[in-house]
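Shared between the two complexes below is chain A, which has chain B as its partner in the first and chain C in the second.
Up next, the complex of A and B:
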């Protein structure tokens, strides 16, 4: 009886192991197939024509995506890095800190369409303006804020206490310590956070639908910043790659809509994956360096 | 005053200014979600104050026919969008949970550490992939595929939306659960093996119960993501304004209704107000999810500390 009991136990164990193995493999194969499909399908259509800065090409949308993410990184760095410094260096334990932390957490879990509506209300409706890139960048920067804040806080917290003490010992004030010792030492980690945030920014769509607008009209020989078709003017409507996919798949006005959407997806996938790989590699290097000390 | 004293005075001044500015930044950060909440509240309550609909009508009535004018007088019942959202979320959770759990358990308990170091980052990569890309693949691959196996009157369906969302929340749930499983002390497993338990018994009776707080957090985060996802769902669900009656029929969710109609609805009209109320509901739901996570964390840390 004992023997059969053990045999049953072992059989169940190997059945369950096989099930877990199957589940995991199935999921991984599905994910690989997903990436393979997007890349394969997209690269087929990635011709010179598709990459051109014309009506038919994706060049303008690509430029808009990069420019918009760049602007929103600047805005969220201005807000998020000091907030992280506050949490790591200036905050005392108390209600205020709890409140700020709760806010960071709430922001990071808000659906992007809700943040997009907020951006639409504040930056478009209340300023009586047309859809523009600045509004989109500000909205996306709200979505990036929590990530940058927590990355900055973590980066400062992992610095050894001796950095602070030796700086104080040399007679530096707290602000001098933060500015000249801690922030430079934490810079690689903060940079990693910025790259991660950029990776997320590229994929943002729902927050931009009602802020950045779904059209783009750039003339590449127009460098007058106040003109609505100047590439660098942030106050023009600017459709990004993600919005372009959305517009193509729901409105499908253009003949080669399917090809364009496939190419857009592949470009986005390359952008997002390469940024997140860079961020990963950087934090791997930092950990190795820190661990080696 | 000599030069040194001047420099010291300047440093003190800068120190004070920096402290004020940085604290102000921290406080501003805390104000952002409150501002978002206030603005949504201000716009979202118009349905009830300006157009005199009741909360029960909004939550439980299926009659969605608001007037696109400032006079109002239509019906603002969002029940079909709410049930649509719930149905899609639950469906995606049911579809993804077995695979997430299998993958998480496989990574932490069965695979070699080397395989885990390769698998986990690979799965995490997928959390960053833009939702429109998921929607695009759903539209071009999944929908024709589903149509070829099931008899469906339209190509778009609740099932397609559920599958797309399931793939989207798989990485979130899997990585959170794997982290929770990996945090269970090795000695607990060894103690279980020492008592003669097999690997499956150890997993089922020791590791999973010990990690259930973290797993629950992962599931809630996944649900929150599914609830707030707009475009990927909108691309495959068909956006038909009906109750979700069948897996194979189109439906609508809160997010798809907002993304489809907000651009066209008249500013200040009843239709517009109804959509803002839905946005407010989404905001409150994501707040509720956070409280739930905190509640679960409090429960599981208390238990952990007793050991």
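Up next, the complex of A and C:
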């Protein structure tokens, strides 16, 4: 072994380090460039009109997006979290569990357009109803379900066995252990799962096209839940921001459709980024409170 | 054994109660038997882990279980509150009686674990506040009154000698405590569930000497009100704190006697070899 041999090793080392560093920073640069472009374009065309909650504005679509994601989070949490708890805590190793897990994995890789058509068939055609937010939320929750199931399962599995033993040792039943020890301890990770699921919901378009509908007609002075123009009525057509962008870029007849689409994208971007930041902060606070620092 | 018969009568009168008998009530029958184990065998699948173990555990005594690693002493301990039920393929035959009752047939599993508390080798606080850790047992038993819980928490922390250092940080996470503090908190948590027996599975093996001494002092104090069974690797510890010592080897109970007798004049040559440090 001579000096040049070591020099060559060191050179290769620094080349590889640079390569990895480039890979890591590339993602950051890409994100900044992307967000910057969308925000720049969007803000250029953003007018006061667009921010209003009227027929001309994007406020209604903004509200629909939030409301729809909220509903689908509830549906998927009701289905997904118990499923994850079952797989992690109750199920014994066996054929049935293998099938359940395979079903969850397959569900998570379904293309959203296929799920959208399924939602259309089941929630619209079979129920003989019009486009509505409930159908949209249920369809999106099918997409969120596998994510929440596996996040919940993983979160519980990574908890130390000592939590379970100590709880049983104090005379707790299985349900008391799950409810009072395991779920609270897994909460920050389940929360992260909910954020990821929400992110998916905010960005979803294909699954909503045939379910939530491409129009919205809300009157902010109408608070009769059964009325089709009541904002809180989930059984009304409810175009979201993503659907609005799609509609503007494909079939809008207005002259400034592209500008409107750019503004709409910017609003969607602000929504997603601020939601993610708030949720991260909340989960950080909870983590800190439980971690004793 | 006249005393034993009285114990049976006492226990039977109070049987079927969901609420555990308080430590004070249990103190009334000092000198009686808390556990009677007869011809107990334990199998993990095909592995015969405990062989024909028979032993009586007296109330308000500290019984130490010693022996080399893998001798079955922890397995034996975990059978007493049926924690081995959680182990797949674990099968127990023979007779284990807690206060005269068969723990597999006559005592409800959850009631047994309430009456027979356990402290583990590693401190195992829940990721909750100090208060909530201690209040966990009482809450499981349906106590939700804040004043009553505060009282139990204070009492238990005092008993476990941690009230003074923890009273100002009850709402902080238990995970922020040192290892020794965490272990004493776990003892307080066990006491809060109002057990009459405390099983300790090498409670000091993860602690420094000062924390170890605190736990040992605590055990000696708690013996007034509780029956304690402690597994230990440390023979000096067994000698310092226990009244009775049981020596396990390869799944067999080799010798069980007064600690003083065992450490000065063991009857079995294997016991002598072990306590004089010739193996283990």
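What we mean here is this: the second predicted complex is superposed on the first by the 236 of 293 C-alpha atoms of A that agree within 3 Å, B and C clash if a C-alpha of one lies under 4 Å from a C-alpha of the other, contacts with A are read in each partner's own complex, and residues count from 1 in each chain.
Here is the rule we go by: a residue touches a chain if its C-beta (ideal position, glycine included) is under 8 Å from a C-beta of that chain, and two chains touch if they have at least 3 such contacts.
Here the structure is a predicted model, which is why all the values come from computation and not from measurement.
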* To do: Answer with first, second, both or neither: which of chain B and chain C does A:289 touch in the superposed model?
  => second
* **Which superposed partner A:276 touches (first chain B, second chain C, both, neither)** => first
* To do: Could you say whether A:185 touches chain B, chain C, both of them, or neither, answering first, second, both or neither?
  => second
* With both structures superposed, pick whichever of chain B and chain C touches the larger number of chain A residues. => B
* Would you sort A:173 into first (chain B), second (chain C), both or neither based on which partner it touches? => both
* Counting only touches as set out at the top, which of chain B and chain C does A:30 meet: first, second, both, neither? -> first
* To do: Using the superposition on chain A described above, determine whether A:74 touches chain B (first), chain C (second), both, or neither.
  => neither
* To do: Using the superposition on chain A described above, determine whether A:87 touches chain B (first), chain C (second), both, or neither.
  => first
* **Common ground on chain A, meaning residues reached by chain C in one complex and by chain B in the other** => 173, 176
* Structure fact -> Within their complex, chain A touches chain B through residues 9-10, 12-13, 16-17, 19-24, 26-28, 30-31, 34, 37-38, 41, 79-80, 82-83, 85-87, 89-91, 96, 99-100, 102-107, 109-115, 117-118, 120-122, 125, 142, 145, 149, 173-176, 178-179, 199-200, 202-206, 209-210, 242, 245-246, 249-250, 258, 261-262, 265, 268-269, 272-273, 276-277, 280
* Contacting residues of chain B [partner chain A, same complex] -> 11-12, 14-15, 18-19, 21-23, 25-36, 39-40, 43, 98-103, 105-107, 109-111, 119, 121-123, 125-126, 128-133, 135-137, 139-141, 167, 170, 174, 198-201, 203, 221, 224, 227-231, 234-235, 255, 258-259, 262-263, 267, 276, 279, 282-283, 286-287, 289-290
* Complex interface listing, chain C residues touching chain A -> 81, 83, 86, 110-114, 117-118, 120, 122, 124, 126-128, 136-137, 139-141, 172-177, 186, 189-190, 193
* chain C touches which residues of chain A in the complex? -> 160, 162-173, 176, 180-181, 184-185, 289-293
